[in-house]
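Right, one structure below, let's go through it.
Note that the chains take the letters A, B, C, D and E in the order they are written out, and that residue 1 is the start of every chain.
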Amino acid sequence: MTETPALHQSDERIKSRSRFREALIVPELGGICGTILVFTFFLLTAHESGMFNAAGVLNWSVVSAQFMIIAVGACLLMIAGEFDLSVGSMIGFAGMMIAIFSVNMGWPMWIAILVAFALCVATGALNGWICVKTGLPSFIVTLASLFILRGLTIFLPQTLENKTIIGGIREAAEGDWLAPVFGGKVLTGLFQWFGEIGLIATFERGVNKGMPVVDGIPMLIVWALVLVAFGHVLLTKTRFGNWIFASGGDAESARNSGVPVNRVKIMMFMFTAFCATVFATCQVIEFGSAGADRGLLKEFEAIIAVVIGGALLTGGYGSVLGAALGALIFGVVQQGLFFAGVESSLFRVFLGIILLFAVVLNTYIRRIITGEK
Amino acid sequence: MTETPALHQSDERIKSRSRFREALIVPELGGICGTILVFTFFLLTAHESGMFNAAGVLNWSVVSAQFMIIAVGACLLMIAGEFDLSVGSMIGFAGMMIAIFSVNMGWPMWIAILVAFALCVATGALNGWICVKTGLPSFIVTLASLFILRGLTIFLPQTLENKTIIGGIREAAEGDWLAPVFGGKVLTGLFQWFGEIGLIATFERGVNKGMPVVDGIPMLIVWALVLVAFGHVLLTKTRFGNWIFASGGDAESARNSGVPVNRVKIMMFMFTAFCATVFATCQVIEFGSAGADRGLLKEFEAIIAVVIGGALLTGGYGSVLGAALGALIFGVVQQGLFFAGVESSLFRVFLGIILLFAVVLNTYIRRIITGEK
Amino acid sequence: EGERYVLVSHAPDSDSWWNTVKNGIKLGGEQMGVTVEYRNPPTGDIADMARIIDQAAASKPDGIITTLADFDVLKEPIRKAVDQGIDVIIMNTGTPEQAREVGALMYVGQPEYDAGLAAGMRAKGDGVTSFLCVNHAIQQPTVGERCRGFAVGLGVELGGSMLDSGTDPAEIKNKVLAYLSANPDTNGILTLGPVSADPTIAALKENGMAGQIYFGTFDLGEEIVKAIKEGVIQWGIDQQPFLQAYLPVVILTNYDRYGVLPGNNINSGPGFVTKDGLEKVEKFAGEYR
Amino acid sequence: MESHLTPLIQMKDIEKHFGSVIALAGVSVDLFAGECHCLLGDNGAGKSTFIKTMSGVYKPTKGEIMFEGRPMNFADPRDAISAGIATVHQHLAMIPLMSVSRNFFMGNEPLRKVGPMKFFDHDFANRVTMEEMRKMGINLRGPDQAVGTLSGGERQTVAIARAVYFGAKVLILDEPTSALGVRQTANVLSTIDKVRKQGIGVVFITHNVRHAMAVGDRFTVLNRGKTVGTAKRGDIAPEELQDLMAGGQELAALESSLGGTV
Amino acid sequence: MESHLTPLIQMKDIEKHFGSVIALAGVSVDLFAGECHCLLGDNGAGKSTFIKTMSGVYKPTKGEIMFEGRPMNFADPRDAISAGIATVHQHLAMIPLMSVSRNFFMGNEPLRKVGPMKFFDHDFANRVTMEEMRKMGINLRGPDQAVGTLSGGERQTVAIARAVYFGAKVLILDEPTSALGVRQTANVLSTIDKVRKQGIGVVFITHNVRHAMAVGDRFTVLNRGKTVGTAKRGDIAPEELQDLMAGGQELAALESSLGGTV
């Protein structure tokens, strides 16, 4: 075997680049810059509006956490090279199923929740199976599920109850062991104490008089953090993560190298459905009702968060942490615009401009730092 | 130069295949089969509902023509490798602009229409320019325009007029030379005569008593046919058509071969915007009002029609005739479900199922006939 | 002087009817010298609306005016806002009882179901036996209540007579035509707003049934008023959204400044607008009516 | 001597049709352990299609595959890989957006146990990748460089190094040297030589007679989807082989004007 | 003799950086009309990058390009093509989903006038495509076969046939023979020979010394992004050239075990 020249020779063809700059070349970079920018902006413009008091922070945290939950699923699926446009409908459908099972049929809450999970994850698997078997683009397949699931979410309660909202879930969830996992709060003691020492404002009247305005961290946020951590570890630290990248990067090549591409894709569809169901369950348990309009357009919001977070729409590249930052940016911007008192019909205009700005910035920063042409 | 063996030698490696089967291998095939299937189905199930009398035919023809107008644009753009999610918002925006210019500002209708066309086509060009310059996926860029245009469509009339529906366009269009090109009817004499000789039913009551039920072919249908013909010729018979295929098939390779890919893509974005504006103009002239909610979800319907028509979402393959058939199928199914008296909240469910069925059938037929594995 | 109020609605961005509400708060705000901000969930998702109420409360306004589109979802956020010392008035949707339960000062509006019921009874009196309800916002639960009320008032099953029409005017028009062609015995039509009413008018004009079929609608708009005048539409139910927005602003300001409050809830509708006395309605339809 | 043993792989009368195209019209090839079997033939002769049926990418339309004497039916490449068949395809099985080391171990990720859980062992992967690439004569800038930024030859080298590293019983190389430089080609040929000596069966596709003659034990020539014939090393002269590869046509006229064997 | 004329293309001290990667660190090459200039070098030496700056795909980071004596600045490949530079890239510029004849005429569509309008002349395109491919030794099944269904070598032949058909003043071929069979290679080499005799300048990249020696007039060797040197035909022996191409390293040990020049 020919001995090659010593390793240091190869360095002559690389411009020296500082360690710091090297460390910056991560898919999350755009997300990090965006987050800093967004917070700076709102700290300057909306600091007086209550956006950064306890209740304000909780408000945008909860909204961001919501985005995060669906963004994690969408992110892994997108990296695996597929889309799911049925996420929004799935949220509506899952909530409605829980409501019908628990309120109309009177099943115990935990059974209702578990059956809804099973149904939705199975639907996700079906989406994936159809995509994989027929070779159709997931855009089309899940567009069909979008219509079908939304249609069922309208039709079923309409037929059963003659209305499109089913309430009374909070009552049905009382005393259940599973419901608090989605609708409860943690660290209530700590916040109680914060309220007592005056760190957090307290209610001024009503039954809760004297209690802190924020009395704990909703499980929604806990779920978001857990899912982000899980997704991140799965993607970067495991064999399966490598398969996800490979399936999205080039399915044919991955298959030829022995990656079970079909299995990977179907599992990612199932995970996306799982995330959507977590979202829906948290929502119905918290609000106590399920409606036919829940989750509208959430699929786009998930995709937007993921793309702001630096993933490629075409698959094979991206990061869960980036997607989480994208969700944070999206949540903060959305609620921040309200705090900043932007005219509501201009809200979408701003949203569009910020979206565009975020992705352009993202690409641009990446180019500057990596020095692509 | 080595002489190669005579041509007939190469035939030994091709199974003989009838001319008929050869002729079938066109992208439109799925659309043709789908159309036959759909018509057979509704002829059998809904022939008594009036779906196939003159008024019924006009009914689904108009809906299909609407889909066709936007499908032509979406089809060419998709073949060129891009998407436009802002079509729906563009429809709302264009209509609103015409209303504002003609009703609020009192401009002559033809100027209002031309300026609206110019504005929208420029927006399309901007979409394209951003996609091409930043290299961002058009999905994201046009998603941003979707939000921005919809926001403006709500904000502008609100600020100018305190309303979000602006009426009185029919009055403003009276006597204008350009308006009838979008809102008029052709062959009215012929239909009058049809009515007189009893070929077409006449009204039995009301103000129109004695007039034929269908009194002409709306310009909307004429526009649809003209655009389909134009798109088809452009795509298959011209140099530019070859560039469209090449740009969508592999932009990098096309660029290396001297195809002005950026120009092609931008022009296709402009054409899509043009089609959306035609749609909007026909609509406002016919209904006499522009609303902030016009065109919602039309972008998806366009994409659905195109995909049913056999185009590849990834670009580089497809046919305008196929897209037109896809639009026809979509329109007939949608209206047919109502003629057939299907429970209307199940409408979306059916739509989803038929969409899925259509694309699966499409792929399947193509495989059987071309013998792909 | 300079109080700040927030009005939160459940309507998606594109719902054009809410425009009148915006005009109401604008005028009310100008006249009283207060700022009123309008907020809504862009897609009409009521769960998102709950977050907006939370957000509004966190920004410490002097008062919140909100709809009660889904009592289950909204009662908690509203009650929390009330408990933080923010005055709340419920407008548009909901019922006086629900408003009391969440601790709101009062209710200004037209309970949707009741309005539908009243319309249905009126139609029954006019001899309607089977009807078509054109619903352009099937996903929005509050609007559907009108159909439900109408069916009960009429004493018939709602069943398949509610048409999920979408918002595209040509599609609405042709769907109505298709429905009427497939169900020729229909003798009454109810539309739920200008979005569905305008194309329905066009449809009836096209198939020659304009003026022949009993036609009522919710909410007003230019075309609707014109159609009432022409006799195509028998009546339009005006719930006077302008008042629903204007009054709470005035009431909240006066309550904040002088502590005065009306002793009862205010029903802004249903008011039946018919051919008689259309002049003012015509002038301000879609703007203040 | 090999004829006494059962072949590692026996492919009998393989046919493969794509729609109306007959890509393979009955090809038979067998491969013994420790031999390098060269597959030669004109463009479009069906070599790639043939080895794809061998590595589980395509199912043959007709014909039988025996692996170690037993009939075998690979459902997908994963089956073939786990049976011990490593393949370097002509159109490389590399993911451009992924790093070299992730590509190198794609489908065969090294695992590291942390408690009950197993994680991708990045350190190990990076080390091995750098090491193996260096052995092939390529100095990578780093194991996390994206494959998409490598030159054509560098990419091909990654694919070969990977197949050799994991290669179990059979190594299939479809035109591995076509994009390689002189030094890399020499390395690949000597790698084939080494691998063969370890008792692995190698299928080697090439258009270059000299490369084939350098390492091949047997030569099978395909033409227009059919086997033209199989010859042992030493039984055939390079010129003869070359004529066979060109579909049996006379190249004399051309060659004289261009100076010797192409 | 050529030194008296102005070169067709003169590339002076071309540098090209990709982010932190220095792909070209100052390469100078000139090309005269009627000569075949071979560009040789190891994998990753920068050959493809170099010819891409020549054909307008990349802008050089530094350095000057003179075309027929005038400084030239190609904004994109279209400029280069209209200036008369036809290129066959290593990663082919073919659209798999499009038919062979559409690919063949991509960017140079033949037009047919019908009244005031110009249409794509499909008949002409189909005829010419079949004809040109037959000349290169490939019998297509039909001009509307999709390029994606051709074998690797067939595809490459389409690209070369196209470049030759439209080739104006300069023809750049980046490893054109790498995927070709013996017969096709012979055809390409004799095509180069013919084209050169018509006064066209050819840049020919290859890893095969024999192919280079067969048609090259001058040989420039790149190594690690730099010019190692340029030699005229007859001034250098194949073995010397081969050593240069391998980056100047001794291949003796290897070669002896594998029998002769690789």
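Heads up, the rule we're going with is that contacts are C-beta pairs under 8 Å (C-beta built on N, C-alpha and C of every residue); 3 or more make two chains touch, one makes a residue touch a chain.
Please read all numbers here as calculations on a predicted model, not as lab measurements.
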item: Steps needed, at minimum, to go from chain A to chain D via contacts; value: 1
item: Longest centre-to-centre distance from chain D, chain (CA-based); value: C
item: Equivalent-chain rotation between chain B and chain A, CA atoms, steps of 5 degrees; value: 180
item: Taking each chain's C-alpha mean as its centre, the one farthest from chain A; value: E
item: Approximate Å spacing (C-alpha centroids) for the pair chain A, chain C; value: 33
item: Chain centre separation in whole Å, for chain C relative to chain B (CA means); value: 34
item: Computed distance of Cα centres, chain E from chain D, in Å; value: 27
item: Where chain B and chain D are represented by their mean Cα positions, the distance between them in whole Å; value: 49
item: Numbers and ranges of chain B residues touching at least 2 other chains; value: 2, 13-14, 150-151, 154, 158, 312, 343, 345, 347-348
item: Touching two or more other chains - residues of chain D; value: 18, 21, 138, 141, 183, 186-187, 190, 249, 251, 254
item: For chain C, residues that touch 2 or more chains besides their own; value: 13, 138, 164
item: Of chain B, residues touching chain C in the complex; value: 46, 49-51, 55-56, 59-60, 62-63, 66, 92, 150-151, 154, 158, 161-165, 167-168, 203-209, 213, 220, 283, 286-289, 291-298, 334-335, 338-341, 343-345, 347-348
item: Partner chain D, residues of chain A touching it in the complex; value: 1-2, 4-5, 7, 9-10, 14, 236-239, 241-243, 245-246, 249-250, 252-260, 312, 316-317
item: Chain C - residues contacting chain A, complex; value: 12-13, 37-40, 42-47, 50-52, 54-60, 70-73, 76, 79-80, 82-85, 103, 138-141, 144-145, 148, 158, 164
item: Chain B-facing residues of chain A, complex; value: 130, 134-137, 139-141, 143-152, 154-155, 158, 300, 303-304, 307, 313-314, 343, 345-353, 355-356, 359-360, 363-364
item: Partner chain B, residues of chain C touching it in the complex; value: 13-16, 18-19, 22-23, 138, 160, 162-171, 173-175, 177-179, 181-183, 194-195, 198-199, 202, 207-212, 221-223, 286-287
